[in-house]
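One chain, subunit A, appears in both complexes that follow, with subunit B as partner in the first and subunit C in the second.
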Partner chain A sequence: MTDPTTEPMLEVTDVVHKYGTVTALSNVSLSAQKGEFLTILGSSGSGKTTMLRVISGLETPYSVKRLRIGGEDVTDVPAAKRRCTTVFQNYALFPHMSVLENVAYGLRIRKVNATDAAAQARRALAMVQLEAKADRSIRQLSGGERQRVALARAVVTRPLVLLLDEPLGALDERLRQDMQLELMELQRKLDMTFVYITHSQEEALTMSDRVVLMRHGKIEQSGRPLDLFDRPQTRFAADFMGYENILPGRLIERDATLGLVELAGGTRVRGTLTNAALQTGDAVNLALRAERIGAVAAGAEGLDGTLSSKVYRGKYTDMLVETPAGQLRLRSWHGAPGETETLHRLGWKVEDAVIFAADGT
Partner chain B sequence: MTDATAAHAAHTRREISYSPAWKALGKWAGYLMLALIYFPLLWLVLLSISRDPLSGIPGPFSLQHYRALFASDAWHMPMLASVVIGLIVGLISAVTATIIGRAVPTMKRPGQVLLMFVLPLFVPGMSMGAALFIFGRSVLGLDLGFWSIAVGHYVWAFPYALLIVLVVTLRFDRTLIEAGRDLGASDWQVFRDIEFPILMPGIVSAGLFGFLMSFNEVMRTIFLRGTDETMPVWNWIQAAAQQSQVPIIFSLSSIILLITLPLLSAVFWLLFVRLNRT
Partner chain C sequence: MTMNTEIDGAAPAVRPRRRPLLRPPVAKLAFWGISAAWFVLVIVPLIILFVFSFFTTEYFQTVYTPSLDTWTGLFSSGRFEVTLRTLRVALTVTLIELAVGFPFALWLAKGCRSSLGRAIVLALLTIPFFLDLSSRTIVWRAILGQGGLINTILLSTGLTDQPVDWLLYSEFSVHFGMIPALFPPMVLPIYMAITLIDDNLLEASNDLGATPAQTLWRVIVPLSLPGVVAGFVFTLGPALAAWVEPGMLGGGFVNLLSSSIESAYTALRYPVVAALSAFVIGLLLVLLGLLMLILRRFGGAGLTLR
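What follows is the complex of A and B.
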């Protein structure tokens, strides 16, 4: 037995799952430490929900090399006996039970006596600020309140791993941001391992210790939120993380971290390499965020360009600029210095331009 | 005919189709229909408390036929038979409709199977009765009686019970089952604590409806009864016989009406009012 403090709370190795002839997961592996907030990010059909269902036991995988929760092999353990619980996307609250009965259900199943169960359920409800509504029926709750009940119901049994399946998807913008902060606080307080599924890069970046980006049943890239945000390693990752400008080119020179790329039109610009394996001569993409591009003096490194359209969007202004390397999107905060300057040449910090292999997609 | 007169004729035709009379016609046809349904029932109840019901005119009023009804025991056996058969059919319909009704939503293509199950609704009672008669009597060589009546009633009542259970099973959210398992409940606990309480209004309605279908059945019973009598069959024989017994039939029918109407109301309340609250 290894040291329990370093043993991952959740360990999944080489899971393969198929729906008929469609492969939903192909050899996906991931692990999470105690108290870690792990987010699985992906669009619909990426396999993220299937992954969650495999972990919870609601889906039996086609094959898996290793599936452990809290160090215990759960490959053949049914969902009911696994020490993890799920917060479902539609909450899946029991409509015929009161709020308190919903929260206490897991305890009742574990044969906790009624008084203790009620007390523990009330404490869990207090944790999500819903103690006052313990005796309400589910129908009388708003979407945000249902969300909290689902959360309280899932954590009251003290699972080792809490699985959350796009829990904030149905809430409005404002409530979602509040709930994000609350979830982070709750997770820290409980020191529980959270595995969080979302398609929103904003949620992933805000809450996670680590993000796993999935695509077509495989892991595209994983790492700390900043790694994904600033160092995408593929075109898909760059697109998904919101890079507005992705320019094709060829790598003509490189050192340890920086590369020189020749873009269409012959302009050569420098950027940061996100993959050490890139070699001189490789077809690459150079990606830039719209808000990290600005006007620079003539002669400085960058691209010449002429403004072709300008759209005021309230907090910021979006601009389209024609350059020899193609059209670039720019975004400047409304009221920022230099907003009214005319653009002749565009530049950026070398660490804001990322270079990765052009993978043809 | 000139173009102008043709246009005018079309115009008048359109006016007829827009006439408010259509709306009024719908309304009055509806009232007429309701009268046709409820007036004879009301008349029956009035005649049952009249001294001379065979005259067809209510009054002078008296409860003498009810007294005669309760003094006689001729109708006890048929009534008992109908109630017991109805209870058995209702119970078995509810249980089997629940088992099958739960399985239907998980099927990939439930349409054809469902059609097969509800087809007995459209098979003429005479054909079904005759078929079961030949099958039980000649093929299996059974003595006909209460059990064959019960089987005939069950075949008749089951499609209704299934349709009623489907109302609740088709809208049952199956993620609740997953939520239950996820929280640690065994499949039996999930059924007992979550699925059954939510499906319950439908299951009880199916049982009540099964009881009523059986209690009212005549056509199949005639073929399958052997020498036994159920309540409606006994009523029919009495009424046809033109005996002095006839007035108490009016009383008995009234009592049955007063029992079955609230039962039916209960079914619809359970199905459509209570269900919408959960």
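What follows is the complex of A and C.
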């Protein structure tokens, strides 16, 4: 028996999957520890759902080097026998069963007697605050309640890994934020490994211990939420994490962490390198968040610019500024000093400007 | 039967009720219009039929004096035996259809991955509706008869030394003739019901640890029950009233209620025809009532906590 503290709860190495001639996953590997909240982030078609289906066993991969759940090799184990369950995007609740019967389903399948199954199912429902609706029909529940039933149904059998396929996608904004917090709490309480799929960077950043960003069936970047948020390593990652300004340039000088970039128009600015392998002379991109740019005094490091448009959006104001390096987007909170100042020169903190290789897209 | 359409609808408490498609006056008018038409076209003839069964016939003339003679005559003239035989044949055929049709419908709805294949099978299933039943049935005489295809093969291969005579003009041939004719009415409703089951539900069941057999019994069967009931009705009704197959393949040896009706009709004994028809309808209703009771009793087999 391997030591459960070091053995990852979920370990997938080199999955390749194809639909006909389309490669959905090319050599993807990931692992998650016990009690870890891992988020697979990506837009539609990135292969994130396929990845989840491969883990759950609903999809048999074209090839996989290693697929282990709780230290047990499950490559050839059918979905029904794997110790992981899925919360489906559309919940997939059984319409002919009551709430309680839905939750007890996995237990009844495992031949738990009816009394014990009902008791355990009630406990699971209590955990998601739905005990009072145990005898309702699924049809009588709201979207958020269905979501909770699906959660209770998936965790009642105590799986080692819980897979969640965009579970909050169908809920409205407010409910989604409440459910995010509830999910995190539930995960802590159960100390279960969660693998969560989403296309929303906000969800990924809020809930996860670790984020895996996927694109075209490959892992683009992975790390702690802040690493992805503040240190994107590719243009795609920067775009996905919401960097509004991505300026092309050339790396002129570098030390251990900082680099000097010559932007179009000849301006030289400093930024933080996200990849140690960058060489001086490389074509790079410099990315800036709109809300991290502000007015600075003439002569300070930055770019000269003239305001070309200003849009008031309620909580904040969006501005477009023309600079020699191209158009920059700025955002300042409504009421903040940046909003009314006249802009002549723009600047930012050196750690807010990130530099990564320009190759690829 | 509404369960599948309602999966998407949220609870009334969260979402305002969807506006009805037709505004109230139009909806009300349509409801009463259709009800009235249905009453005039379906219920009234049935009532007339039923009333006719209380008249009698003398010298080929209907006597319009109410009496129970026709009904008492019905049960004293050995027709009870005919009724039992009709019931037995119809139920046997329906159960065979169900046993063969359900797996077939399941395969067609969930197992057949090629949409072309599915389209071809569905087209094949509807073709019988375009051909006359008697012309389809009479072909079996040439195949099942004493000098028919099967007996010729059996004799020439030496498997038997004399023709097998129970193949035609027997209860076997009547069953045999009815089964292909009544296969589509059983398969199509079940196929429709199974198609409406979301694949996600089957995956969820699998994901939660169910074997295919458990998924079948706990998810597919309960959710396809509306289709099974419809298939049962569409098959049992025609089976009870079948007259082409018993006539052509029974060769006068298999007397069913339909042949009694026909002979009464040719003898112009309309009250007897009415009584027999009413009796068949009554039988069908009783059988459906029983089916509903059985379903209510055991329909919960797919549920987990009973």
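Keep this in mind: the second predicted complex is superposed on the first by the 358 of 361 C-alpha atoms of A that agree within 3 Å, B and C clash if a C-alpha of one lies under 4 Å from a C-alpha of the other, contacts with A are read in each partner's own complex, and residues count from 1 in each chain.
In this section, a contact is a pair of C-beta atoms (placed from the backbone, for glycine too) under 8 Å apart; a residue touches a chain by one contact, two chains touch by 3 or more.
Please read these numbers as outputs of a predicted model, since none were measured by experiment.
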Checklist entry - For the three-chain model obtained by superposing on subunit A, do subunit B and subunit C clash or fit? => result clash
Checklist entry - Between subunit B (first) and subunit C (second), which does A:110 come into contact with in this model arrangement: first, second, both, or neither? => result both
Checklist entry - By residue count, is subunit A touched more by subunit B or by subunit C? => result C
Item to check | Partner chain(s) touched by A:143 [first = subunit B, second = subunit C, both, neither] | outcome: second
Checklist entry - Counting only touches as set out at the top, which of subunit B and subunit C does A:118 meet: first, second, both, neither? => result second
Next on the checklist: With both complexes overlaid on chain A, does A:79 touch subunit B (first), subunit C (second), both or neither?
Outcome noted: both
Item to check | subunit B versus subunit C as contact partner of A:168, first or second or both or neither | outcome: neither
Checklist entry - Just subunit B (first), just subunit C (second), both, or neither: which does A:153 touch? => result both
Checklist entry - Can A:58 be said to touch subunit B (first), subunit C (second), both, or neither? => result both
Next on the checklist: I'd like to check the shared interface: which positions of subunit A are touched by both subunit B and subunit C across the two complexes?
Outcome noted: 56-58, 78-81, 85-86, 88, 90, 92-96, 105-106, 109-110, 139, 153-154, 157
Checklist entry - Any idea which subunit B residues touch subunit A in the complex? => result 173, 175-176, 178-186, 189, 193-194, 197-198, 277-278
Checklist entry - Okay, in this complex, where on subunit A does subunit C touch? => result 56-58, 78-81, 85-86, 88, 90, 92-98, 100-101, 104-106, 108-110, 114, 117-118, 138-143, 145, 153-154, 157
Item to check | Of all residues in subunit A, those that touch subunit B in their complex | outcome: 56-58, 78-81, 85-86, 88, 90, 92-96, 105-106, 109-110, 139, 153-154, 157
Next on the checklist: Touching residues of subunit C toward subunit A in the complex: what are they?
Outcome noted: 3-4, 6-7, 9-11, 13-15, 198, 200-201, 203-211, 214, 218-219, 222-223, 302-306
